[in-house]
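Consider the two complexes below, in which subunit A is the common component and subunit B and subunit C are the respective partners.
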Partner chain A sequence: MKLKISTFKEPKHFGVVVCVNWNNTEDVFSCGDDHKLLKWNLVNSECIVVTTFPDDFYPNDMHLFPKINVGGNKHQHDVILISTADGKFHIVNHNGRIEKSVNAHQGACLIAQWSPDGAGLLTAGEDGFVKVWSRNGLLRSTIVQSDVPCFSAVWSPDSSAILHTKGNSLVIKQLNSSNKITKWKAHEGLILCIAWNANNNLILSGSEDGYSKIWDTFGQQISVSVKHDQPITSVSWSPAGDMFVVGSYNLIRLCNSNGWSHCLDRPSTGSIYNVAWSSDGTQLAAACANGHVLFAHIIDREYTWKNFACNQVGRKVIAIRDIISDQSDQLDYPDRVIQIALGFNHMVIATVKQCFIHKLTSWNTPVTFDLKEGTISMILLAERCICIVERAGLSVYSYMGRLLASPRWGARPESLGRAAVSLGPDALAAIDQGDRKLIHVFDLPTGLIVRSSADNTVTKLTHKMTVSSIALSQTGPINERQLALLDYNRDLYVVTVKDSKPKFIKLGSQILSICWSCETELLVGLRASSVVAWCCPRAAMQPDWLALTTVSKDVVDLGRNPTILSIEDGVAHICRGNGSILHLSIAVFPEKLLKHVVANMWQPALQLCRTVEDETLWACLAVLAWQHHQLPVAEEAFALIHQYHQVCYIQHLRSNIPEKLMSN
Partner chain B sequence: MILNGKVPVSIEYFFTIVVCFCCLATCQFITKQLTLLNSKYCNQIILKFIMAEELQKVHLYYDDINKIRVIETNILKETEDLKDTCRDYDTKIQDFGKIINTLLDVLKELGDNVEKKKMAAIGSMNLLKSISKEREAEQAKLQAEINDKSMILEQLDSEYDALQILEATQMETIDYLTQIR
Partner chain C sequence: MSYRDLRNFSEAMRVLGFPKPISLESFRTPNWELLEECLRWLAARVEPDAELGGGRHSVEQRVALVTHAIALFHSRANIKLNGKRVYGADGYAVREMMKVASLLRSALESPSTDDQQHENTPMSYDFSSRLSEIKQARALATDITAQGAFLYDLLAKEAENKEQREQALSRPLDMSAMEASLRRALDAVAAKVSSGREQIDNVAASEAALDAKLERKRAELMRAEKRLHTVQKIKPAYQGELTALETEIEQLWDQYVLRYRCVEALKHQLSVLESAQAEAAEEQQAAIMQLIHKYEAEDVLGKLSDSDDMDSSDDGKDLSEVKQPRPATRPKTRLRIKTAGTAAAEARRAFGSMAARDSLDEIRDEDDSRSDSDFSDKQGFGDLSISRKGPAASSEARMMSAATAFGGGDMPSRWSRSRPRPATRTLATADDDEFADLIEGVESGEAGDSLGSSSESELRVTSARPSAAPGRVSALSDNEF
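Right after this comes the complex of A and B.
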């Protein structure tokens, strides 16, 4: 992954650019020490001066009103909050007219931020005060008073707390309970910039000591960057939380959320005072000390699926390659490519205006359909449908480009992470953003069923703990749809969605990441130093069966925070903490067996087991045959894994009531 | 004798005797005259001496060309010597001044040159320093790039290792299965 950096030839600001912010995915506002507010349009490469402020107007921070889908006058949302060096904050509309100026601080007002829900705003100043104001600029409360200047302050994603800097410490202050604060020493030098991501709930800090560090909300260090020669002047999370960017003197670095660096660029721009991501997470704008506003696109994103690999080589160009037949092609799109998804024999490309569905067997004739809004944050693929997450909401399409459903549950889709949504072939599951114990599972209309709004039935599952990650099984009929979930304690549970009384069955603990196989009901989980495959997650009713059908393999040096990307034919693809991909053969035969079972081919399954002579495999076959009421197969399998009581039971059943069971 | 070129010897002798007589006569005359002149001159000198002694009493003197002087001759001479010496001194002083001025000019020029060279040296020294700093920065930059690349290399290496292990596993499985058959 790389940054493709572009600047306009002439700097349009005379002097330092202090702050930039995206209006939408094409428009950027920037404000600098030359008192000008500029608006840049990236599509037609235009830059217009919105307004020139008075000569004593030296901006420090700028924040556009968050794009939230709430009712009310749209005009009220088009406002910019700017803090200035004379201690004031100003509310400016998009035409550049100052609507309100409020005296907020002694000395400079360094930070001004709208709350994510748009209900209020915070300011922080050189006098060490952090204050919360109502939307109209009336003082609500003074949150923090201290004797050192507060250089940076941000809202928590749910607007319930404030994170601010105090010298070289970070402090989280809860707003509702008056004295609950979390404070920790974060750096050796003064902390200059912080960011808090809504998706992964992690905090990023950059300091004068040249390090940028990632923290969780308890102040535990997740990762630390390499040392930079110059102070870190800006940090910013991508909206999806999978990347962040660090700005310093003549330096801009793109990092993965695990802290390792994707790429490093050294534009000669002077210090980069502010970096902002566009809401689709593919573009960056940076405010530079030499008067330039720097724009960067993320290119070189690589995706692979089976024998296909695709790579975004330019803003509008995708290179696709079939490794087996060595066919390759460059696909050009009319607009900028935002999101790419590859899988299930399809490649789905979302550009600003349209969505292209390419069949991998004939990728030159895509199915296209128009998108509602150019802010796609995610594309999920499943066997029969595509889920596109836009700011306006989630939509599920078929591979023919037909809209199947638009599930709604009061979510803010732009802050929806990959862990919080899961798409199955006929269902969509999502964690509720308000109450994270609650999971919504939407049934999707499939095949040729005519869509009507009524048949979108929703199943609500409530776990006892906060759920951090969910995954829907990818095969099987809809009434056997299983949902795997990781909760806050890193315990793995599996629940069958369509049960009348859904029961959460615990499969294991200390699981970091989970993934279902695309073709079978094989669930793979990742522990700190091992990979575990549950071949029959539904065998969890009987603990001894679960133990027998579980394969575990020790892996060294997985690194910090590894994730499992996919599992294909029993080979797990794991992204290690350092960003390298580990291909681990863990359950090749069980997956083959599972495929036979899905196809209802019991004889080949038996043959496979007899050939391989593996106890786990026999156990899987036994359990699956038992569940599918294949008593003769189950009998043989149970005998071979020494479950003689079960053999006796089956023999008893077969001799007594054979017809009834066989008819099932 | 001039007419025909042949002078008879007798005539020659005759002439010689005549010339000798003439010479003698002339000598006698000149000697008479000289003695006369001498006596006259001596009188004058004696007069002069007498006069000088008289004049000396009122501090007046004669000089060599018989001019009356107020100052004694040797003093006058010394004074004149002094005057000459002073003039010499003056010209020498002027020369010296000129030399000094040229020296000063030369020195000033030298100073200017030195100053110029010094500035140039400082400049080049700074340049050198900045070059070394630049070099350091460049080195740091390259080092950072090397670090980045080596990190990527590490990633790819471990990925390669993992793939090799996977290949080995798969070969093993294939071998196992072919053996069974």
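Right after this comes the complex of A and C.
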């Protein structure tokens, strides 16, 4: 992954550009010390002067009103908040007319930011005050008073707290309770810029000491960057929270959310004072000290699935390659490619206007359908359907491009993370954003039976803890659909969705990441230094069986925050903390056994167990045979794992109950 | 305002390469150390040799430093700084230093293109292209001197011209004359304008005319195109016939080519056979000649006392030797000859003397038929040559030549047969018989060949009536026999 940087030849601003912000995925506003407000259009690469402000108007910060799906006058949302060096903040409409100017601070007003829900705004100034204002510019409260200037302040994603800098420490101040303050020393130098991501709830800070650091909301340091020679002047999270960008003097660095660097560019732009991501997370704009506005696209995103690999080589070009037949092709799209998903024998490409579904067997003839809005934040694939997350909402399509369902549960899809939503072959699960203990599971219409979207049966599951990550099993009939969830304590639970009384069964604790196998009901989880595979998650009713059917393998130096990408044929693909991918064979035979069982081939399954002679495998077979009422097989298997009481029980059953009934 | 100033100052110093980072907080409180460092560094950038006096320890030293720096910047860079503010070493001092830094920065940024040009020009030592410029410069120089001289002359005349000019200027202006002249000028201009208008109108008219013409031509073009299309669409009456004929010709040509190839192949086979037969005939001839010589020798030596039986047995033995290749060479196609031959042979075997006469008769018959057939052959060819045209003619000629050659080849055999006949008529009947068989063989081969080539035989049958004659003759002779 890397940035492809483009600038106009001549700087359009005379002097310093201080702030940039995206209007939508095509339009950028920028404002600089030449008092001009410029609007850039990336599609036809033109730049128009919206307005020229008076001569004493030196902007410090600019923020566009957040795009939220609330009703009301659209005109009211088209406003820009600009703070200036004379201590005022201005509300400017998109035509450049100053609608309101409010005297907010003594000295310069350094930060002005709308709250994420659009209800208010905060300003921070050189006088050390942080103030919250209503949308109309009436002072609500002065949150912070101090004697050192506040160089940066941001809202928390849920608008309930404010993070601000105080010298070289960071402070989180809750709005509702006045005494709850989290404060920690973050850097050796002055902190110049901070960012808070809604998706992963992590805080990013950049300082004059040349470091950028990632923090969680308790002030624990997650990662620290290498030391830069010059002060970090800007940091920005991508909307999805999987990347961030760091700007410094003549330097722009793209990093993974774990802190390691994807790429580093050294454009000769002077300090980069501000970086803004577009809402689709594929483009960014940067304000440079030499009057340039820098635009960058993320290219070279690579995806692999089985023997296919695709790579975005340009803004509109994707190279796909079949490694076995050594076929390769370059696919050109009419618009900019935003999202790519590869899997389940399909490649789904979302561009600004359309979505293309390529079958991997014949990738030259895609199925195409139009998108509602050009800001796709995520594409999920399952065996039979695709889920596309747009700002307008979630939609589930079949691979033929037919809309199957568009579930609604009052969510804000742009802040929906990959962990919070999971797609199964016939179900979609999502964590409620308001109450994160609640999980919605939507049944999707499958096959030829098309239900109207109204009678989508929704199952609501309530866990006792805040849920952080969910995953739906990918195989099996809908009645046996299982949901694995990781809660706030990193405990792993499995629940069968369609049970009349859903029971959350705990499988393990201290699990960092989970993933279901695509073809069987094999669940693999990641601990800090080991990988665990639960071959029969439904055996968890009996703890001894669960222990017998669990495979664990120790892995050293997984790094911090590793994730499981996928399981294929018992081989887990693990993305380690440093970004390298580890292929770990953990449950090859169990997965093969599971496949046999799914196909109802008990003789090959028995043969496999007899050949391999592994206790875990025998245990799996025993449990599965027991669950599938294959008593002879179960008897043999239980005998081999020394579960003699079970053997006796089976023998008793077989002697007393006619064979015919048993096989049913 | 100090935030913005500090930010810009820090950025400017960073661009200029100041070794220490300047924090945004550094001048919030008076910071003489950093100020002094910055001043000294900036002074060194403006004037590399300059060394600012003063120091940081006492007020006097600081004042000396500031005054020295201000003087330096004023004299070298033409920048006036406010000494009081600089001495404050706070946000205002930053604003003062910003003046120097921005000057240096603009110097760093703006002339980058000029620098490149300056560097580029002295690099080009190639003045051969500029030799012509010398000539030009010389010409210009002489021109200048000439012009100067001319100017000097004119200036010399100035003294008298001045009087005249002043006279002219002092002359009172005649208003009426001026008005008249102005009116004249006005009229002239008006006339020019009107003519211009006219021309414009004409242009419009001609444009309209041209447009009309264009339109007409276009219409004509359209008509012509339409006609062209219709003409192209009409299919002439003979088209169908033509295509039919073409296909027919095509078929005929294919047929012809096939046949021609067959003829050629057969001809080749014929020639091969002929050569083989000629060889065989020669061999046999040689053998027969040997025999004849032998018998003649016997005659001459007068060994007539030997019994006929012995002779015949010898003969039989010899014949059996000679006859060996015969069945191979004799074609089975011609039934008549075969039966006749075998019958004769059998007759000869059974009745010695009878057979001889029979065979002689047969030979005579054959002779006749042969001459007939020869003739008919020729006639057939003649017919052929009449009936065929074009490319066939050449092949015809070849065939003719082949036929004559064959005839030529035949001649000696006939000769050789006719020569010994008078001498050995009574004595070597069996030999004659032998010959007859041989000749029959040869002839039958020839006839077989000629029959074998289907086209020829066809032609012979269809075109030449006389060609049937030999068949009839031979049949007659058979019947006669």
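Just so it is clear, the second predicted complex is superposed on the first by the 656 of 664 C-alpha atoms of A that agree within 3 Å, B and C clash if a C-alpha of one lies under 4 Å from a C-alpha of the other, contacts with A are read in each partner's own complex, and residues count from 1 in each chain.
Keep in mind that, in the parts below, contacts are C-beta pairs under 8 Å (C-beta built on N, C-alpha and C of every residue); 3 or more make two chains touch, one makes a residue touch a chain.
Just so we're clear, the structure is a prediction, and the values are computed from it rather than from any experiment.
Asks: Using the superposition on chain A described above, determine whether A:S261 touches subunit B (first), subunit C (second), both, or neither.
Replies: first
Asks: Under the stated touch criterion, which partner chain does A:N578 make contact with: subunit B (first), subunit C (second), both, or neither?
Replies: A:N578: touches subunit B, not subunit C.
Asks: One more residue to check, A:Y249. First (subunit B), second (subunit C), both or neither?
Replies: The answer is second: A:Y249 touches subunit C but not subunit B.
Asks: Which partner does A:D61 contact after superposing on A: first (subunit B), second (subunit C), both, neither?
Replies: A:D61: touches no partner chain.
Asks: In the overlay, answer first, second, both or neither for which of subunit B and subunit C A:V226 touches.
Replies: A:V226: touches subunit B, not subunit C.
Asks: Between subunit B and subunit C, whom does A:L110 touch in the aligned arrangement: first, second, both, or neither?
Replies: Touch status of A:L110: second partner only.
Asks: Considering only the defined contacts, which subunit C positions touch subunit A in the complex?
Replies: Residue positions touching the partner: 1-4, 7-8, 11, 14-15, 21, 23-25, 28.
Asks: In their shared complex, at which residues does subunit A touch subunit B?
Replies: Residues of subunit A touching subunit B: 226, 229, 260-261, 263-264, 266, 557, 571, 576, 578-585, 588, 611.
Asks: Which part of subunit B faces subunit A closely enough to touch in the complex?
Replies: Checking each residue of subunit B against subunit A gives 137, 140-141, 144-145, 147-148, 151, 154-159, 162-163, 165-166, 169-170, 173, 177, 180.
Asks: Can you list the residues on subunit A that touch subunit C in the complex?
Replies: Residues in contact with subunit C: 16, 33, 58, 60, 85-86, 107-108, 110, 126, 148-149, 151, 167, 189-190, 192, 208, 230-231, 249, 270-271, 289.
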